[in-house]
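Below is one structure. I have some questions about it.
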Amino acid sequence: MTHTGLATDRLSLAYGDRIVIRDLTLQVPERRVTSILGPNGCGKSTLLKALARLIVPTGGEVKLSGKTLGAIDTRALARQLAILPQSPRAPDGITVADLVRRGRTPWRGFLAPWSEDDGRICAQALEQVGLQEMVDRPIDELSGGQRQRAWIALVLAQDTRYLLLDEPTTWLDLAHQLEVLSLLRQCNRDHGTTVVAVLHDLNLAARFSDHLILLGADGLVASGAPDEVVTEDRLRQAFGLDALVVPDPVTGRPLVVPR
Amino acid sequence: MKSSILVLPVLLLGAVLLSLMIGQVVLSPLQLWTGLWSGTGPGALTLRVLRGPATFTAAGAGAVLGAAGTIFQILLRNPLAAPDVMGFMSGAGLAVVAGVAFGISLPLPLLSAAGGLTAAVAVALLSVRRGAVMQSSLTLILVGIGVSFLASAASSFLITRMPPQEAADAQRWLVGSLAARSWQHAAQVCGLGALLLLVLALQVRALKVLELGDELAAGLGLRPGRARNGLIGTGVLLAAAGVAVAGPVPFVAMMAGPLGMRIAKVTAPGARLCAAAMTGAVVTILADVVARSIVPGVQLPVGVMTGIMGAPYLLWLLSKEAEAGEL
Amino acid sequence: MKLHLGLLMVLAVAAALTVFVGVRAAGLADVSNALLAFDAADPAQVVIRSVRLPRLVAGLIAGAGLGMAGTVMQAVTRNPLADPGLLGVNAGAAFAVVVGALVTGYSDGGMIAVLTFPGAAMAAIAVFLLGGARHGTAGPVRLTLAGVALNALLLSLISAIILTRSDVLDAFRFWATGSLSQANARPLGLMSVSLVLGGGIAFLAAPRLEALALGSALARGLGSRPGRVQMTALAAITLMTGSAVAVAGPVAFLGLIVPPLSRRLAGHVLRRELLVSAMLGAAILLLADTAGRLTMPPGEIRVGIMTALIGAPAFILMVRRLKPGAFA
């Protein structure tokens, strides 16, 4: 077991009375884009929440740089690791700028005023997601893709080494899904951010990720590079899906074609 | 949307002036002015003894109630969530009535705080449903309405045991009344209110993050449970401070937030709370002006007026929410 | 049959307690004399004849009326939180009476008898419209909140009027919060007739009301006309609530707690439920009233407070039992 980065050690998770993950040990590769895949109800989101300490494990632990997640100070953790939950709900009438500013929370002292650094980092985050022209627009007036980008700007403003996202592409059309995933890739490339996302779409995940974690009903099926994980055998094992895997004509990554 | 928060201080000043001028005898601003500085004449009496204390008590009580209501509305993301609807104020009222009935000689703010907090805990516990991961805010609100019914019934029960004159006073107070308030009342609610609003100001940043949902808040380094409990505590205490001087005045806490938000055109929690406090003060002062001048020779309790104003608002809210498909 | 006999026994006990128990307990001889060979010189008999018997009759009318009205409302709206008190129908009746007295200066039984019915009817129509019944969207939550709002408005107006014109309205001070204490001043004979009329309508229309409860589309399929049935239900609710309010004031919560109990006892057959509700409602109201009189003699706790003390926890219990779908 290495002592760097984000890793789980014999992690068990339960949702209510139902155990969804049992004895899972894995390592999230540093400075890479990782996607968590699997059928509905297999515990993808639960795993992601555990990685961000939103839920307490029933057994085992999550480690960050060799330290148990539970032992890290809440604010210190928030400076290292950001999480964007699935379909967050914006307060009524809030503007893009206001929303993004709230990403600076962990960096601000109890009574510390808004600093220049805070402003610069927010501006950077807005630029990164391409919303710098819309800072004063209320979130409710944006399109679905823009809205999701505003939320991503919020976690970018948090300025962390780890960025966790729970189904960031749900409810978006294909063009916007591509837009969001390219954005995440770009963050990874430009800042070396370690990105972990729960995704639904196997093909998009294979296309945009360096590393995949494939969960089935009985826990981990495989983890590794996309061409190692997305194979016909493993898809059958995880999803009960009978599919053909061919190279994507555009990227050469595996492409799943259900039979 | 351009914020116009300056409208509210102007309205507040206007309301205070109106409240000092109007009553059994109508005074001109000039008379008030001379009264203020000379200390004699009708202006002085009105300012110092008759309308001054009531006006400032109304302002203080309205402000704390408005801020309290907005805390819950933001936390539960529901305009119906307010300490008056959810029974916290009836609980505070019950504690005060019980204190009088059983001769417990604690200061009123302490009694009403204890009652309000007990009611809040009761609502929270009674709303927990087995199998539900998180209770819906409507469950909380409806259970709160039930707790409010219970507390009101218990207050009426206790009042029946009191001697007639005391009972009549208590009955009036339970409707929400500003009759015969002294400078002591005004100082008490304004002092306690200022202190609690300061505490609230320190919590605004947490509220801003909580507003984004528990998971994101936790991701941003907040402990959502602890932060929320702190805010609920502040909210209940604010409401209790209002109840201690004015009784459980209905609907001010519920109306002030949304109304203030519309008048001042603000959306951020801090600004909403400020706007709500000022709007609460304006609404309470104006309701009191109407209550004491609408029928010559009779001073109606302020709560009767806020009830008459608030209920149509609640109905309007329901019809609007139904259209938006939120109920 | 066994059920009905049992309920009759309970009702008889409740009635007996009302007549015999009080500041001065009455003996069997006093009661039989007061009924059969009245002697106006005997204070015990006078108390029975002029105070306790009217009280008993008023309790029977109000209890049966509110119990049955609640049952009809819950059946028609399929809403376990429906109660003429909570939804403002009681307050509407009371408001009409208070306004009438304010305008005309009369506060006698005739006044009450004439005005409770239009008041109750208007409030019932208002709350169903506000609660979205017209669009078929009257979910329990919305209807309840609309009722709470209407109730708050009407009660504020009532207290505004009572507080301003204490001279005219002294007669209503206790009545306005629900009490049986001035029953002898209420139009008992007339109201028992209107109660029987309302109950009769509900009883006759019961099968069609049950069909309506299945939803208006299905009701149409079963051959009834929803609009007309709704009007019938409204008429029955108005007559029963109006009679109850006329004799006892706006007593809340009775219509909330009686229907679920009677449904449990009688099953889902509206006619049986109505019969059981009438007996159960009267018994509960009389028992609550007696308890209120015994709690702190020589004073008494108004029966409206007693029912609220029982009813508010019941309300919370029912909220907790609402299906999650009720909130959607």
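Read from first to last, the chains carry the letters A, B and C; within each, the first residue is number 1.
By definition in this document, contacts are C-beta pairs under 8 Å (C-beta built on N, C-alpha and C of every residue); 3 or more make two chains touch, one makes a residue touch a chain.
Model, not experiment: these values are computed from the prediction.
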Topology of the chain contact graph, where touching chains are joined (line, ring, star, complete, other): line
Most centrally placed chain, judged by C-alpha centres: B
Greatest separation from chain A - chain, by CA centre: C
Chain centre separation (chain B, chain C; CA means) in Å: 33
Centre-of-Cα separation between chain C and chain A, whole angstrom: 59
Distance between the centres, which are taken as Cα means, of chain B and chain A, whole angstrom: 43
Touching residues on chain B, where the partner in the complex is chain C: 80, 126-127, 129, 132, 136, 138-139, 142-143, 145-147, 149-150, 152-154, 156-157, 160-161, 172, 175, 250-251, 295, 298, 300-301, 303-305, 307-308, 310-312, 314-315, 318-319, 322, 327
Chain B-touching residues of chain C, taken from the complex the two chains share: 81, 130-132, 137, 139, 141-142, 144-146, 148-150, 152-153, 155-157, 159-160, 163-164, 177, 253, 296, 299-302, 305, 308-309, 311-313, 315-316, 319-320, 322, 324, 327
List of chain B residues in touch with chain A within their complex: 1, 74, 77, 133, 202, 205, 208-209, 211-213, 215-216, 218-223, 267-269
Residue ranges of chain A in contact with chain B within the complex: 16, 49, 52-54, 74-79, 81-85, 88-95, 98-99, 102-103, 105-106, 108, 110-111, 138, 154-155, 158, 164
